[in-house]
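Look at the two complexes coming up: chain A is in both, with chain B in one and chain C in the other.
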Partner chain A sequence: MIGDIVSGSENSKIVLIEDSIDANGRNVLLSYIVSLSKITEEVHLLLFDVRGQDTQEALKSLGIQNVKVHRASTDLLQWDRSQGIGLHTDIKAYIRERLSPGTKSVAVVIDSLSPLLTHTSPSFTCKTLHELAYSEALRSQVQQVVTLLHGDLHDDNSLSLTHHTCTTVHKMVPITTPYAMFCCNTIHKKVSGKVVKIRESFNITEEYQVTEVAEVKQMSQNLPADQNQLDPTANLTFNLSLSDKEKEARSQVILPYTYNKERQECVLAKSVGEGKIFYQPDEADDFDEEDPDDDLDI
Partner chain B sequence: MEDVNNVLDIAKDDNLYGEVITLADSTADGTFLIHHFLSFFLGNNRPVCFVSLSQSFGHHKSVCQKLGVSLTQKIESSHLNFFDGLKVFGNRFLDTQPENVDISNTTSLQGFYKAIKTNYEDLQDKNKAPPVVIVDSLDVLLNIGYQVKEISAFVQYLCHLISGPGCDARGTLITFLSIGENGLDEEASLLWRSVVHMSNMDVLVSGLESGYCKDVHGKIEVKRRNLLKKNSQKTMQFKVNDKSVNFFASGMSRAVLG
Partner chain C sequence: MFTFFNCSMATTSFQKKARVKINQIPGTKPSLFNNQLLISSGVPSLDNIIGGGLAVGTVCLIEEDVYGSYSRLLLKYFSAEAAMTGHSLLLASADQDPQLIVKELPGPILDDPGDVTKGNTPEQSENMKIAWRYQHLPASQAGHSSSKFGHYYDLTKVMEPQLISSVNPALVGIEELERECKECKDLNPKYKYLLKRIKEEIDRGHFSTTEQTDKRSILRIAVHSLGSPLWDECGGLASNQEDLDYSLPRFLLALRVLMRSAFAVCMITIPTHLFQIPGYVGRLRKMCDTVLHMDSFAGSDKEKNPAFKEYHGLFNIVQLPRLNSLLCHMPDTLDFAFKLRRKKFTIEKLHLPPELSETANRNQEDPLPHLHPSTALCSTTKPNKLDF
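What follows is the complex of A and B.
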């Protein structure tokens, strides 16, 4: 699933990569940038995060040309009173002014959304994301908006609001399998309206290609259901089941009052002046010892 | 203190240019790391801008004396700039600020950052080398009423200060904070996480889960975050002595084995 979304064969308008201090998501973000640089004319990368410089350096070493980097992190709150961008900047207008003329398809990547979400309101952040992806503000076709978010820095309310705005959420989780370097839970909302939830492990090559994607089954599904169920009849002091020999012995016991010629004659010969009861099953009678209630239709 | 370098995977003459290192402690005392880095960089003749928010100059001076570095000499030779945060923020504790003084210039974090920036550039000019900024400790800022988002913005500015465009070689930023017992102090933990997101390396010193022990003072976890590499992680136990720190693999203290 994640391989298809990164490569662009599965459509998704707004992608959110949520990471934490235990599971870094910047590698996945770089995979998206590398893939987007091939399928769109221009990628605009906005850096709000200090470690965005790692992203920038990685892109430089890959030699990708059509990624335009805008560093908003250096003077985030205008403490230095520089002319650069910060949180106060209108991102749409800023990018629009810096689009190369005649560009038809662009993608916007944000590394990371956390300073925006921390210093402005969640609704403003969601609105910004939505406008970048869907409005005509950029005056060209926005293919995709990809953003990184440090999930462990925000409350559940802001996170769920952001999740609702996005069409795909990759939540990075610490790896549980020894074969892969990364693992993430993906929630993807397809254009048809179907929602896919999946946990996958994968590797990322030095060219930032997502490879070896494998679904990670939840541990509880892997275990056979009855493995842990104890047999309640295992350690009883009495016997509940019968062996074949015992069954055979039982079948030979003749129950009292059962119709049997030998017994009838014997009893009739002994007693005088007393009534006797004998049970003689008729054809409709189901004489099955194993399940006496078998004929009941419950 | 060479053992500390081994644990942190730092060579003796490493410059750590451009590195952002976060030190934190909970339940055990991790301040030996601050003194280690202070004496390490001064010993390597790196200029240091030391921002002390929790201890006085006298305290650091006597500790560094034991480690063989004279802070007074270093100040005279302009290798060290001791920034006494206690004096800057003292008014905030006492609340004796006259109302007509423009607070934004003296005690806001923006003003504080500007003061550090001036110091930093001054050190850089005098020594022709990128300085190290050490902040001890960030949780004091929380205690005097700054919000987590303000402090994390402050740290973000410091991160960009050390990787500023003015100099080819980048400086180093080391921050220390105490995150309280078992991360119960939610604000301090949140601040710690947001600073860790900005750093290349983080070191967490914590007490033993089984409680205090005379021979094992706690455990130290060192994590490095790199793109594309598996994040290396190392956990050791330690005992702080008068002038050094002993490290050993978990459960392998001499006191336990002997």
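What follows is the complex of A and C.
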């Protein structure tokens, strides 16, 4: 699944890579950037994180042309009234001004979202992501927004609100299987409405391609249902099954409520909503026309 | 032997023999229990379990499933029903462009009542040996469309644009909300704008109960994913992340006041799983009349449970309104589940298979997984390497 999303064969508008101290997600971010630089015309990379220069240097060594890097100022909250991108700048307007004319497909990558989520409210962060992906203001079409988030810096509430806004969430976990470098839990919401939840291990090459994606299956806690289904008719001291001759004899038996042409004539009337009483005397019933109260002598 | 022939299926064809009012509003019917005016929610199986339909003048809250797809489907049915009955529609959504939602409304299944009665052929009379009295009845229950209440829709078809534009739906999207909302300290500005817009729509269409008009109609208001982060809502917390923000319950109270004095019904979906403050969701529920909860199996362990393999999720009735009476309508069971076929969405009673195993192993998971202690501040329930 992660291979498909990175390569672009699976569509996803807002991708979130959540990492932690135990499992780093920057390599996955770089593989997204490399893949997007091939699919879209321009990739705009916004660096808010303190380690943003790692990403910048890795990209410089790869020599990719169409990635435009925008470093945010070190004074993110703009206490010194400095120029440059701060947390409260209108990012979509900023990018719109810096688009080369005539670009039709753009991708926006944010490294990382954590400063934004820490210093502003979660709803502001979610709105920023949503606007970048969907608003009409960016005249080119934004193909995808990819962002990195450090999960251990934030509380559950903010994280759940951010997850709600994204269409794909990759949560990096420490690797457990041998022969693989990375492992992540992916929740991907498809356009059709179906949700895929999968745990995969994969490798990333030096050119930041995602390879050898394999699903890591959990140890299933539940016993399979077949084992528990006992057959109640086994191990009995009496015989419950029927032989063929007995089955034939059973089908010959005339049941009391079956349709008998002699007894019914207009029962198949179309009355659906009414309640009609149909009286069908048994052989045992003594159907006497006389009124039994006639004997009374009052 | 006496046999009593009675038709006790899920939809009843029972119609009260009432004197037809001169101004009968199309698409509504009086409730069988308390003569309250009802409209269809768009899903006939849902109408049956909540007592015939949604009462006019009430607010219906749908607690969304985690990924929101089924609650969006319910809203689409609600909006499609507006187009079919000629009711007016106001659709508000911040997460998705309402134009897109309106373009995806399911198309109606239009079949004549006449087609259904010629259903059964003589070959089928051999199938039923004991139940031969039922063989002439139609196999499906789609034939009960004697009144124009509750339509069936085909999800593979899309509703024709002319039908939708004939009701002239008013659409409120995020751009309009961002543009028009004004600063307000008592209430979240976006909620206040939505209230203003609803009031305008009620006044413009003369839906208020105090106004006298010749052609009465109903206004259907559908709000998608209210309280999501795009409405400036942080899960019930104020901007300083410590105090609670009571805008959403206040909005719901004001909305209910508006509904009570108008011929309108409001259906809202709220992603309540995002509200982790204990008791907050309880307040939201109390502020609404009908509360329904959808719990889909997508992406959870329950998907693998063999008892649930026919269904796509659980459907709970959390609350039903007591309108002008002491009791609410009580359905015969409270366990429902929903399933989404390719063409149809239905809500059914949940039938669990019998437990035949010797070792009845109870599920070890936490029965209330979504109620964690308040994690509004930096502490989380999981051990964190950055804690000190």
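The definition used in the following text is that the second predicted complex is superposed on the first by the 215 of 298 C-alpha atoms of A that agree within 3 Å, B and C clash if a C-alpha of one lies under 4 Å from a C-alpha of the other, contacts with A are read in each partner's own complex, and residues count from 1 in each chain.
Basically, a contact is a pair of C-beta atoms (placed from the backbone, for glycine too) under 8 Å apart; a residue touches a chain by one contact, two chains touch by 3 or more.
Owing to the predicted nature of the structure, the values given are computational and were not obtained by experimental measurement.
Undergrad: What's your read, chain B or chain C touching more residues of chain A?
TA: After superposition, C is the partner touching more of chain A.
Undergrad: Pick one for A:Thr89: touches chain B only (first), chain C only (second), both, or neither.
TA: After superposition on chain A, A:Thr89 lies in contact with neither partner.
Undergrad: State whether A:Lys127 touches chain B only (first), chain C only (second), both chains, or neither.
TA: Only chain C is touched by A:Lys127; chain B is not.
Undergrad: Contact-wise, after the overlay, does A:Tyr257 reach chain B, chain C, both or neither (first, second, both, neither)?
TA: second
Undergrad: Answer with first, second, both or neither: which of chain B and chain C does A:Asp152 touch in the superposed model?
TA: A:Asp152 contacts both chain B and chain C.
Undergrad: After lining up the shared chain so the two structures overlap, which partner does A:Ser105 touch, if you call chain B first and chain C second: first, second, both or neither?
TA: In the superposed model, A:Ser105 contacts neither chain B nor chain C.
Undergrad: For A:Ile21, decide between first (touching chain B), second (touching chain C), both and neither.
TA: both
Undergrad: Could you say whether A:Val195 touches chain B, chain C, both of them, or neither, answering first, second, both or neither?
TA: second
Undergrad: Report for A:Leu77: first if it touches chain B alone, second if chain C alone, otherwise both or neither.
TA: After superposing on A, A:Leu77 lies in contact with chain B but is clear of chain C.
Undergrad: Quick check on the superposed pair: does A:Leu30 touch chain B, chain C, both, or neither? Answer first, second, both or neither.
TA: first
Undergrad: Would you please give the residues of chain A that touch chain B in one complex and also touch chain C in the other complex?
TA: The answer is residues 20-21, 152-153 of chain A.
Undergrad: How about chain A: which of its residues touch chain C in the complex?
TA: On the chain A side, the touching residues are 20-22, 121-123, 125-127, 130, 134-136, 152-153, 155-158, 160-162, 164-165, 187, 189, 193-197, 221-223, 225, 228-230, 232, 255-259, 267-268, 270-273, 275-282, 285.
Undergrad: Mind listing the chain A positions that touch chain B in their complex?
TA: Residue positions touching the partner: 20-21, 24, 26-27, 30, 49-51, 53-54, 58, 73-77, 79-80, 114-115, 118-119, 150, 152-153, 181, 204, 206.
Undergrad: Quick one: in the complex, what on chain B touches chain A?
TA: The touching residues are 20, 110, 113-114, 149, 152-153, 156-157, 159-160, 163, 190, 193-194, 196-198, 202, 225, 227-228, 230-231.
Undergrad: Once bound in the complex, which stretches of chain C touch chain A?
TA: Residues in contact with chain A: 1-7, 13-14, 67, 69, 95, 97, 117, 129-130, 132-133, 135-137, 174-175, 228-235, 237, 239, 241, 271, 273-274, 276, 298-299, 304-306, 356-359, 361, 364, 372, 375-381, 384-386.
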